[in-house]
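Each in structure tokens, the structures are laid out below.
Same chain, two partners: chain A is paired with chain B first, then with chain C.
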Partner chain A sequence: MLILNPTQTELAIEVSDLKKVFRKREGLFGPLKEEWALKGVSFHVRKGETYALLGPNGSGKSTLIRILSTLLTPDGGTVRMLGYRLPEDEAKLRRKMGRVSVDAAFYKKLSARENLLYAAQLYGLEPRQAEKRAMQILEQLGLESRRFDDPLEEMSRGMQQKISIARALLINPPLLLLDEPTTGLDPKSRRDVQAFLEDLRARQGTTILLTTHDMAEAERLAHRIGFLAHGRLVAEGTADELKRRAGTADLEEAFIALTGEELNDEAGQP
Partner chain B sequence: MLERYLRPMWAFVFRDWHLTRRYMSWVAVFVFYAIVNSATIALIGKAQDDFRLTLTLLLGVLLWSFLSAMYNEIANSISYERWEGTLEYTFMAPASRFIHLAGVSLFAVMYSVVRTIVILVGLVLFIQVPVNGANLLGVLVVLLVGSLAFMGLGLMAAILPVMSPENGAQATNIFQGVLLLVSGIYYPVSVLPSWVQPLAYLSPATYALEACRKLMGINHPDSTPDRLVGAPLSSVLPELGILLLMGLVLIPLGLWVFHAAEVWAKRTGRLKRTG
Partner chain C sequence: MNEILIIARKELLSVVRERRVLFTTLVLPIFVMPLLMFGPILLFGNVAQKTQESVQRVGVVGVPVEVLEALKRAKVEPVPVANPQEAVQNREVQAALIYENGRYTLYGRLSGGATQSALVVEKVQGALRAYKDQVVAERLRARGIGTELLEPFRLEIEDASREQERAAGLFAFLIPYFLVLFIQTGGMPVAVDATAGEKEKGTLEALLAAPVPLMQILLGKGLAVFVMSLLSTLAAMTGLLLGGGMLRSAFSAQLQALQREENAPQLGGALALDPLGYLSILVTAVLFALLVIALMISLGLYARSYKEAQSYMSPLMLVMLVPILFLQFSDFLKLQDWFFVLPFVNVVLAIDSIVKGMVTVPQLGITWASTLVFAGLALYLAYHSFRREDVVFRN
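Right after this comes the complex of A and B.
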């Protein structure tokens, strides 16, 4: 079990009573249909902590990450990250956080080098220093440097996701938001990414908020885990605490017992 | 200054240049198509053996080619990002929307100037239209000043792909078509229905054309097919002033409209790739 330094009490993320509703009109003049993606979610993540949000598709994980990434405006509640409030301080916050989403979004015709240099300049970094740092990260992730000039469209999904991680880490952010970063990866790429994240946390004390379907991944990487279902945080704690509370031997059974739901698709992959 | 403004702005020029480079063979194909298309229009004047008509059409086709290329580059940069799924990453970066759109516009102007020069050279060689005596440098100045207003219009059109990933990109063409209709690119504004004519005065293309016709000497009584009498830049200062004013109004207006669309998209979740 992972244990965070008990002297670390400073909070990196404070989310309180967060709500998000999507409204869609049925037809041209029909009534507005409301769909609540988040129904008052509250949790906190301490500095240097890795917190995993587990939930099935449609539970609100990606909506939550998008709000924290300043890409969605919440309909209620408060968010404070690294001492900054959203949405008031979003410009300052954007310099301090990196994000990796489930789909490694890139300009597919451009090479890895061009994509990363573009991202580096967008954040105001000196291109040569950024390139050096990107190379180090990619080597740590097990990507061969000779592939650096290949167009992204010629790379496997695992390689693209590693470059996506390198992009998020170019600015050396104290806070990393990972939205299902290993979904769809082959077992080796998955292990490479997980090992890299463990190393990153150990070396740099980066705070990580991770969403995943994968119980083993959550158990391996996270100090604490939150179960999200139907837009509500149903339970949270360490993996052992959750299992104990549910009276089960493994985390997946604990999830089913505490949320009444089953995790779907990629759960249980190695 | 470098870290916060210039480098992020240059990032968009860097990106768009490398994307253009990767599609260079297609760029060549479309420039060739633009030359052919322009030639078919300019040859209408040649068939009438009327150098003034030929030059009017040539100028119209070039100016429209320049302004529409720039407008398209700006308006379609957002739809391209939606298509690639990178829009969220661009919006998450600390670069302000002004820096973002200024970078996109800077590349659009550079690309459009080079493209228009290539088309001009191709047309002059193909149709054998002498442009001796025309104030081409003055025309370039008008294009650059006029491009400010078109940047503003491009920014407004760029919200359409933010609002609708399915139809937004095509909808930008409607906006462009209306401008083409009211600006008198190939015909005098006086042939438009009287109720449409006032709209011509709202289009920056009208003033850019008027200035360029003077600078080329198309309607100057002493111009001949062999030697044009182009006006000096000082003679088009009123048009330049109006174009500059339009730019000063339309760019902030475009940024404001874009900001409003971004706020709406963040509230409704429209930034997501699938919309």
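Right after this comes the complex of A and C.
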């Protein structure tokens, strides 16, 4: 079990009673239909902590990550990250956090180097500094230098996802938001990405908020885990605490017992 | 400003890597344009010349011997047919001539554009006219009257168009058409890739989460689309001017012969503008490009996928082409200044007037100002779309 330094009490993320509703018109002139994606979610993440949000599809994980990434505006509640409030301080906050989405979204005709350089420059790094940092990261990923200029579409999904995480690290962010970073990867690539994240946390002490379907991944990477179902945080704690509370031997059974739901897919093996 | 350039550079780099797009937007127009402009004219000229020089079969019924001789002199082979109309329809002969009760009836396939039959009909008509003149002259002479009686005066028609209008020929009509065509087709691949494409690839979220103001993202994408539109239009115009020049010199004899033909189609033409005229076209085209680009980005942002974006942008092209169709009849309209306020119509009318050397300062001013206002509104629409969660996350 992972244990966070008990002296660390400073909070990196404070989410309180967070709500988000999506409105969709039924037909061209029909009434607006409301769908609550988040119904008052509250949790906090301490600095240096890795917190995993577990939930099935449609539980509100991606909406939550999108709100924290400043892409969506909440309809209720408060969010404070690294001392900044959302949405008021979103411009400042964007420079302090990295985000990785579920599908390793890249410009696949461009090379790894070009993708990283582009991202670095958008975050305000000088071209020379961006180039140096991009090269450094690609070397750390174990990518052979002759492949730096290969189009990303020619690389494996696992390597693409590692580069995606590396892209989020270009600016050395103290906070990393990972939206299902290993979904869709083969077992080897999944292990590679998990090892990369462990190494990152050990070396840099980055605060990580992670969403996943994968129980084993949550148990391996996270200090604490939150169970999200139907837009509500049903339970949270360490993996052992959750299992104890549910009276089960493994985390998946604990999830079913505490949420009344099953994690529907992508529960891959570590 | 720096972020705008960074984004524009990335968008252009993505396009450069797509060789197919580069080929269709930059290379193809250079070769296609001269063929499009001069190919049909040369082909028609060639066919017309061959028709004049070679002998064609023409069906005849009851045609007197003297007329048959006149037809033969005009390189036409008379062939007796039972049913002249049917013979023409079945293409057994190119035309057919009947003589009945002092009246000639000439059959030909005259519908469906330029046909070889129409050229043969013209040839037969010419032969008959010459024969008629000959008969009339002989009869007048028999009565001791000179042929000058038939021509109490001469009529000469001179083209009084301005020099630019005369030189422009088809250009006046084609330049607005090509501008619309290439500004949109050149910019469309980038516009789609930079908007709906980013949504489909999932990269838009990463971009929007970056510390770059939305307007700068929008302007960066717009700049890339603008560059591609401009390059594509320049490629087309280069093809038109250089390729046209090369074709003109390679086929100068045929073109000169065609120009002498009374009914020959109007030739491609050449621009005879002063620097101010060129500058006016450039400014008009740039403002028009801004409007089209802003519209394409708005549509692309709203779309969920490449396919959807393309299906939105294609009708835009049709909407822009409508004013050009009406341009053919612009001479029958009394141009009012308020026409130059209408989007798309104003640009087409303004360029037509510039090319013909007839544009006025108020018309040009109204066109530029209104196009700029429409471009600003379209840009605001794109910005507004970018800010809407239900548009950006519509997929």
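Definition applied: the second predicted complex is superposed on the first by the 263 of 270 C-alpha atoms of A that agree within 3 Å, B and C clash if a C-alpha of one lies under 4 Å from a C-alpha of the other, contacts with A are read in each partner's own complex, and residues count from 1 in each chain.
Quick note on the criterion: contacts are C-beta pairs under 8 Å (C-beta built on N, C-alpha and C of every residue); 3 or more make two chains touch, one makes a residue touch a chain.
This is a predicted model, so every value here is computed, not measured.
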Inset, instruction - Check chain A with both chain B and chain C modelled on it and let me know: fit or clash. - result: clash
Inset, instruction - Determine, under the contact definition given at the top, whether A:227 touches first (chain B), second (chain C), both, or neither. - result: neither
Inset, instruction - Please indicate which partner A:114 is in contact with in the superposed arrangement: first for chain B, second for chain C, both, or neither. - result: both
Inset, instruction - Figure out whether A:255 sits in contact with chain B (first) or chain C (second), or with both, or with neither. - result: neither
Inset, instruction - In the overlay, answer first, second, both or neither for which of chain B and chain C A:71 touches. - result: both
Legend entry - Where chain A meets both chain C and chain B, residue numbers: 22-23, 66, 69-73, 91, 94-95, 99, 101, 103, 105-110, 114, 118-119, 121-124, 151, 167
Inset, instruction - Would you pull the chain A residues touching chain B in the complex into a rising list? - result: 22-23, 63, 66, 69-73, 91, 94-95, 99, 101, 103, 105-110, 114, 117-119, 121-125, 151, 167
Legend entry - Of all residues in chain B, those that touch chain A in their complex: 2-4, 7-8, 10-11, 14-15, 18-19, 22-23, 84-86, 88-96, 263, 266-269, 271-273
Inset, instruction - Note which residues of chain C are touching chain A in the complex, please. - result: 3, 6-7, 10, 13-14, 17-18, 201-203, 205-212, 389-390, 392-393
Inset, instruction - Using the touch rule from the top, collect the residues of chain A that touch chain C in their complex. - result: 22-24, 66, 69-73, 91, 94-95, 99, 101-103, 105-110, 114, 118-119, 121-124, 151, 167
